[in-house]
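A, B, C, D, E and F are the chain letters, set down in written order, and residue numbers restart from 1 in every chain.
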Amino acid sequence: MSDMMNRILITGAAGQLGGMLREKLKGRAGVLRLSDVADLGPAGEGEEIVPCDLADGAAVKRLVEGCDGIVHLGGISVEKSFDLIEAANLRGVYNLYEAARAHGMPRIVFASSNHTIGYHEQTERLDHTAPYRPDSLYGVSKIFGEAVAQLYYDKFGQESALVRIGSCTARPENWRMLATWFSPDDFVSLIETVFRAPRLGCTMLWGASNNDHGWWDNSHADFLGWKPKDNAADFAAEIARTVPRPGPDEPVAKYQGGVFTDEPIHES
Amino acid sequence: MSDMMNRILITGAAGQLGGMLREKLKGRAGVLRLSDVADLGPAGEGEEIVPCDLADGAAVKRLVEGCDGIVHLGGISVEKSFDLIEAANLRGVYNLYEAARAHGMPRIVFASSNHTIGYHEQTERLDHTAPYRPDSLYGVSKIFGEAVAQLYYDKFGQESALVRIGSCTARPENWRMLATWFSPDDFVSLIETVFRAPRLGCTMLWGASNNDHGWWDNSHADFLGWKPKDNAADFAAEIARTVPRPGPDEPVAKYQGGVFTDEPIHES
Amino acid sequence: MSDMMNRILITGAAGQLGGMLREKLKGRAGVLRLSDVADLGPAGEGEEIVPCDLADGAAVKRLVEGCDGIVHLGGISVEKSFDLIEAANLRGVYNLYEAARAHGMPRIVFASSNHTIGYHEQTERLDHTAPYRPDSLYGVSKIFGEAVAQLYYDKFGQESALVRIGSCTARPENWRMLATWFSPDDFVSLIETVFRAPRLGCTMLWGASNNDHGWWDNSHADFLGWKPKDNAADFAAEIARTVPRPGPDEPVAKYQGGVFTDEPIHES
Amino acid sequence: MSDMMNRILITGAAGQLGGMLREKLKGRAGVLRLSDVADLGPAGEGEEIVPCDLADGAAVKRLVEGCDGIVHLGGISVEKSFDLIEAANLRGVYNLYEAARAHGMPRIVFASSNHTIGYHEQTERLDHTAPYRPDSLYGVSKIFGEAVAQLYYDKFGQESALVRIGSCTARPENWRMLATWFSPDDFVSLIETVFRAPRLGCTMLWGASNNDHGWWDNSHADFLGWKPKDNAADFAAEIARTVPRPGPDEPVAKYQGGVFTDEPIHES
Amino acid sequence: MSDMMNRILITGAAGQLGGMLREKLKGRAGVLRLSDVADLGPAGEGEEIVPCDLADGAAVKRLVEGCDGIVHLGGISVEKSFDLIEAANLRGVYNLYEAARAHGMPRIVFASSNHTIGYHEQTERLDHTAPYRPDSLYGVSKIFGEAVAQLYYDKFGQESALVRIGSCTARPENWRMLATWFSPDDFVSLIETVFRAPRLGCTMLWGASNNDHGWWDNSHADFLGWKPKDNAADFAAEIARTVPRPGPDEPVAKYQGGVFTDEPIHES
Amino acid sequence: MSDMMNRILITGAAGQLGGMLREKLKGRAGVLRLSDVADLGPAGEGEEIVPCDLADGAAVKRLVEGCDGIVHLGGISVEKSFDLIEAANLRGVYNLYEAARAHGMPRIVFASSNHTIGYHEQTERLDHTAPYRPDSLYGVSKIFGEAVAQLYYDKFGQESALVRIGSCTARPENWRMLATWFSPDDFVSLIETVFRAPRLGCTMLWGASNNDHGWWDNSHADFLGWKPKDNAADFAAEIARTVPRPGPDEPVAKYQGGVFTDEPIHES
């Protein structure tokens, strides 16, 4: 990848996920441009820091200029009030795609979410044709983002990977994550795959590792050649020993979105 | 329907579509509550006028109170800037569903649009499982609205009909409308059907008449028993005589969304 | 049909449905052989009465001899204890197919039931590939019967029509019957169609009239050319006036099997 | 149609089908250019006669010049030796598409056949995705023709209607034709529809009337708005009276291709 | 599993399959309760022996009491007369589910069979939506059992795994078993998986090892995380050397059910 | 395989692919009969050389006599004029199937091609139901061949494997071959599998190795137990280093058929 990419932008780089990718993508591109509204600390070697509020369209345009790839993690990643979600996840995504359009349409890895389909039951297997079943305003906002990406592909040819992230943590931490775990290494290999492919299109990818337990079928995207390597089942015995098994009708065992299905609507 | 409904709210009642429904629904409910940001003129018999900006959440809560059915036509209905669409079609829909939840969850007929799937070609037949292919920010905003409706159904049981309106005009006016025409009478019978059904769920309906030329399959919703009666083909000879036939690769003949696929992104 | 059939057997001829068909099929075959465990009254012209317990294999063999068509309505038609259902609907069906095999394999119209799929929701549209979702031991027994029919077709070439009857009454009587009504005249035309067709195979047919409200798709069987004529919607206004509308979550409005989903298991 | 078409070419115009269309299309275009290797008699008003062997590429080029629509009925229409089929149906179709490409790509109505799928059983319902199951070399040659049409569409934009003709006769004549009958009037309305549509693409159409008995689903092509009017069932009683009913395992009742499945390979 | 299960019931424990599981499940639960009508020998450590006739409802109720998991192998496992099958496989299954319902609904692993779909050809790939095609009364009885399990899930929430066992033998013994072999170790891992899962639902599983040759697709059940490890192909060379290769049209090579398709109906 | 096959015929044995198979199949059958119009050099041990023009029906009959397996590579394998393709790929295939029918119907491995579906985009995943989208007259000729094979299976029981070969070269040589590469060893194992299977039917197989990048799904043919072992991804780094990455809209990156989509029609 480093042969191909001069400057990759990571938005939301101060978050938990952003921090992991900042470290793991080090050296994979000429420069990593890191952005967030929160503090990112000093720029390391091969890094540049560009603070930016995604709701500010002009700022986002400047942020994107000069990048030949974007990993868009920025925005709200849990259930919040409509006002917060609107600024970061609706307006913010619109601003990002407008900025990309203004600056040569670099490929975008868009961090979408399993919460776009969170009300599907865990006994269902979903492929890329599964209907949306959002479990939160947050999930709705990610549907909005996927729709913007599709529009810019059909209208302008902007390519995107829409990664419906499961649970991107260092290791799986509970029964549900046996299915949803997405190891940081597998996320990195996905990003490399996306930036290397001759043709990407506007392709949804379920962001999960090669878990024995699985709800999601990525075979429609085999053309990309991405093969996740990690498997949450390696942690199954430990989870069985340390985490109480939920009952079959608890939200965390019933719905793919888990406890998000139990979240109320947050007041603005 | 008049036996069942005491008060139906029509938002966007000052628009072209709202005006037609205002007239045709007269007497079908105890009271028609009409709302818009534009002037609605004086209230007629069986009408009450409640001006309201959909972007104002508190005002929308008051607007919905006391209604046992909602026909939500309000908002932007053509391509506009993100700012305009955000206020009316994103925030506005959120406000409406919050208001309905606060007031007993009256059924909502949500005016969605064929522009949610506008980049599908006219040689394709779509059913309710067709993937979104928005042709405009407007189309994206309607996808957002459908997602909010689905969320409120799964989380709270709020029932909605998501009507992807084709072209609701007095008569079909061009070649594309041979497939998309949705006669006002058929829209009215759809509304009656929706408010009468024992169980509605959250059901998408293609808003088109019983046209010989058709792209859309409503059979998944046969349980409702809605049967449109009008047929754009009755006007085909007249259109052939008076409207130049487009070439096969013009947007108006190629894409289901027609000329919307040719619209630029509007500056905010 | 009368040209083709010499003797048609109707089992369960003393039941409500059997009585209707006894009358309507009069003269459509050389002889109607009527059978039941209950009293059938005296034989009319063109009729012969053969009392028979379906659980008695030898008696069923005698019953079937000489018939060139069978309309098998016999057995239990509501939820009952396993013992009652076993004798009439499990053993009885086995006996019938063995008897048909012993006597030239006359075509069989097997009265199956919507209660084989009763737990599907009323907002679902089912075609012939829908999975079974029985709502009662009765429904389970009809699945058993369909499986026996399929076995005898694959193993011996015995042809059957598996008619999943909705609600075969003189007129629709409640909201659910707007979808399930199967007029006696349409049942008769189905029987005629089945006995007239050059090739029947082992074909499932949804037993419903041409109702505006519908859950079931018979298009896989268009090869037979059966076109039901009646429409429960003709009675919709009357039902709306006289029958209280059920709430959306009452079993009668939620599940295709209606109140059968609420039946307990009956003690033997 | 006459408003739109200056000159329509009918190949195979001396055949049984060609003769019917010659008569029924009279006056629907400025000029009908009629072609065949067999004698066509004198040109009538609005007709011009151009004898042509389809195997002669240069002649076919001249034949097509100046036409703005082609109805390609020419070639072998029953099972014959490979040599005969090769000249007329393989080379002939190639020549026709090359000629159309050389002369502005007028739309082509290509007479394909049900014998492309003749080994499907009559109890199956087929839509446009059904796999090929040819019942003869003749059927194979029509698959070749459909493939050529698809190639010229994808490579050059040549539009075609691929009409899989059932049985185009004045009236249905046997039990199988209850499903396959394609009335000449319905064929004419199909041709008119195809030449009038703004966008045709490369679309397969099952060539059958609106028969109660049916195996074929044309709903994928509803965008064209073609509605056949005739119904073989109007002749069912007459057929039942005059034609012996075939047994369920006779080819004419078992396979959609009927007796073609019983044809041997013809020696060259 | 031993951490989770206090007492597992194995019915049919004296059979060939029961004997294998008795040995392999030793120590995986606090107590193995073993039951059969045939002699089971003395109870080993961690075992208890409870003879029981499955046709005796009261006895089955006592049998199930106190168990927190059931592996139901009991009943007839080859083609037999209706009388024998009725007692063991129809009444027996009903009794088992009634007993489970009376005693806290422990999870049930139900030994279903490939003979529910035995008339599908070996060139077909089946997933969980494949229609039933039973090859024997035995196969019909397993369809009955699956239907009972589904009823008790929908009505009462009773969870079951419906395992359509291929050929559970120590090693594959013929050409057909290259596809159907289900190693005892893989069956054990399936049972462990089923009892460990937070949510099971009513899930069908094809009971086959990870064979290179395969007809059955278990991907719908990936949520359980079961991964069979054995592969009949490891024995392919040996089989090719020692077992004559069947012709392509012999039942053992044509149908998935193999020679069961050749079985007659057994006299009662 | 050598135990089972006495004499295997390889047509087109002088070609690049034929040469590789000639070497790799050495010793796998009693005799390899090698045929071509081009020079094949002297016969090696276990080989016999039979020159033959596939367009000569009588010669092909002699060629096939005495063989119990055929690997049909003969014919044109790139885009050429209709005349050349007709002789070798249309008439040639017809001659081959007639010859096989005259001589006991030995199994045929037919070298079909990805160019039967070359206009599908590289972002699509295809299974055996994908519609044809030929990218050349060559591709059309392979569709013709597949249709002939299906006809001879349905009519006479002739078994065939239709292998849609991707790119059979010693190693993958460009970006597209990451998906299409079919290693010669994997082709050999496919041939062995096909000749060993008890039942083959008429089965299409995508001819590609076990590549990480993939467009094609062979799971419908799992019954054969074929498992390709090689993976083009092992060469991905080398290709990325040595071959310029194509842009996303170049034919070689856009369409599965690659540059064949850019080929003109060749003059005869």
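Here, a residue touches a chain if its C-beta (ideal position, glycine included) is under 8 Å from a C-beta of that chain, and two chains touch if they have at least 3 such contacts.
Keep in mind the model is a prediction, meaning the values are calculated, not measured.
Peer 1: Where the contacts of subunit D and subunit F overlap, which chains show up?
Peer 2: Neighbours common to subunit D and subunit F are absent.
Peer 1: List the centre-to-centre spacing of subunit B and subunit C in whole Å, with centres computed as mean CA coordinates.
Peer 2: 42
Peer 1: Roughly how many whole angstrom separate the Cα centroids of subunit C and subunit E?
Peer 2: Measuring from centre to centre gives 32 Å for this pair.
Peer 1: Quick check: how many Å separate the C-alpha centres of subunit A and subunit C?
Peer 2: 53
Peer 1: By the document's touch definition, which label belongs to this structure's chain graph: line, ring, star, complete, or other?
Peer 2: Shape = other; not a path, cycle, star or full graph.
Peer 1: Dump the list of chain pairs that touch, please.
Peer 2: A-B, A-E, A-F, B-C, B-D, C-D, C-E, D-F, E-F
Peer 1: Mind listing the subunit A positions that touch subunit B in their complex?
Peer 2: Result: residues 57, 82, 86, 90-91, 94, 98, 101, 119, 129, 131-137, 139-140, 143-144, 147-148, 150-151, 154-155, 261, 265, 268 of subunit A touch subunit B.
Peer 1: Touching subunit C in the complex: which residues of subunit D?
Peer 2: Residues in contact with subunit C: 121-125, 175, 178-179, 211-215, 217, 233, 236, 240, 245-250, 253-254.
Peer 1: Which stretch or stretches of subunit C touch subunit D in the complex?
Peer 2: 3-4, 157, 159, 196, 198-201, 203, 219-227
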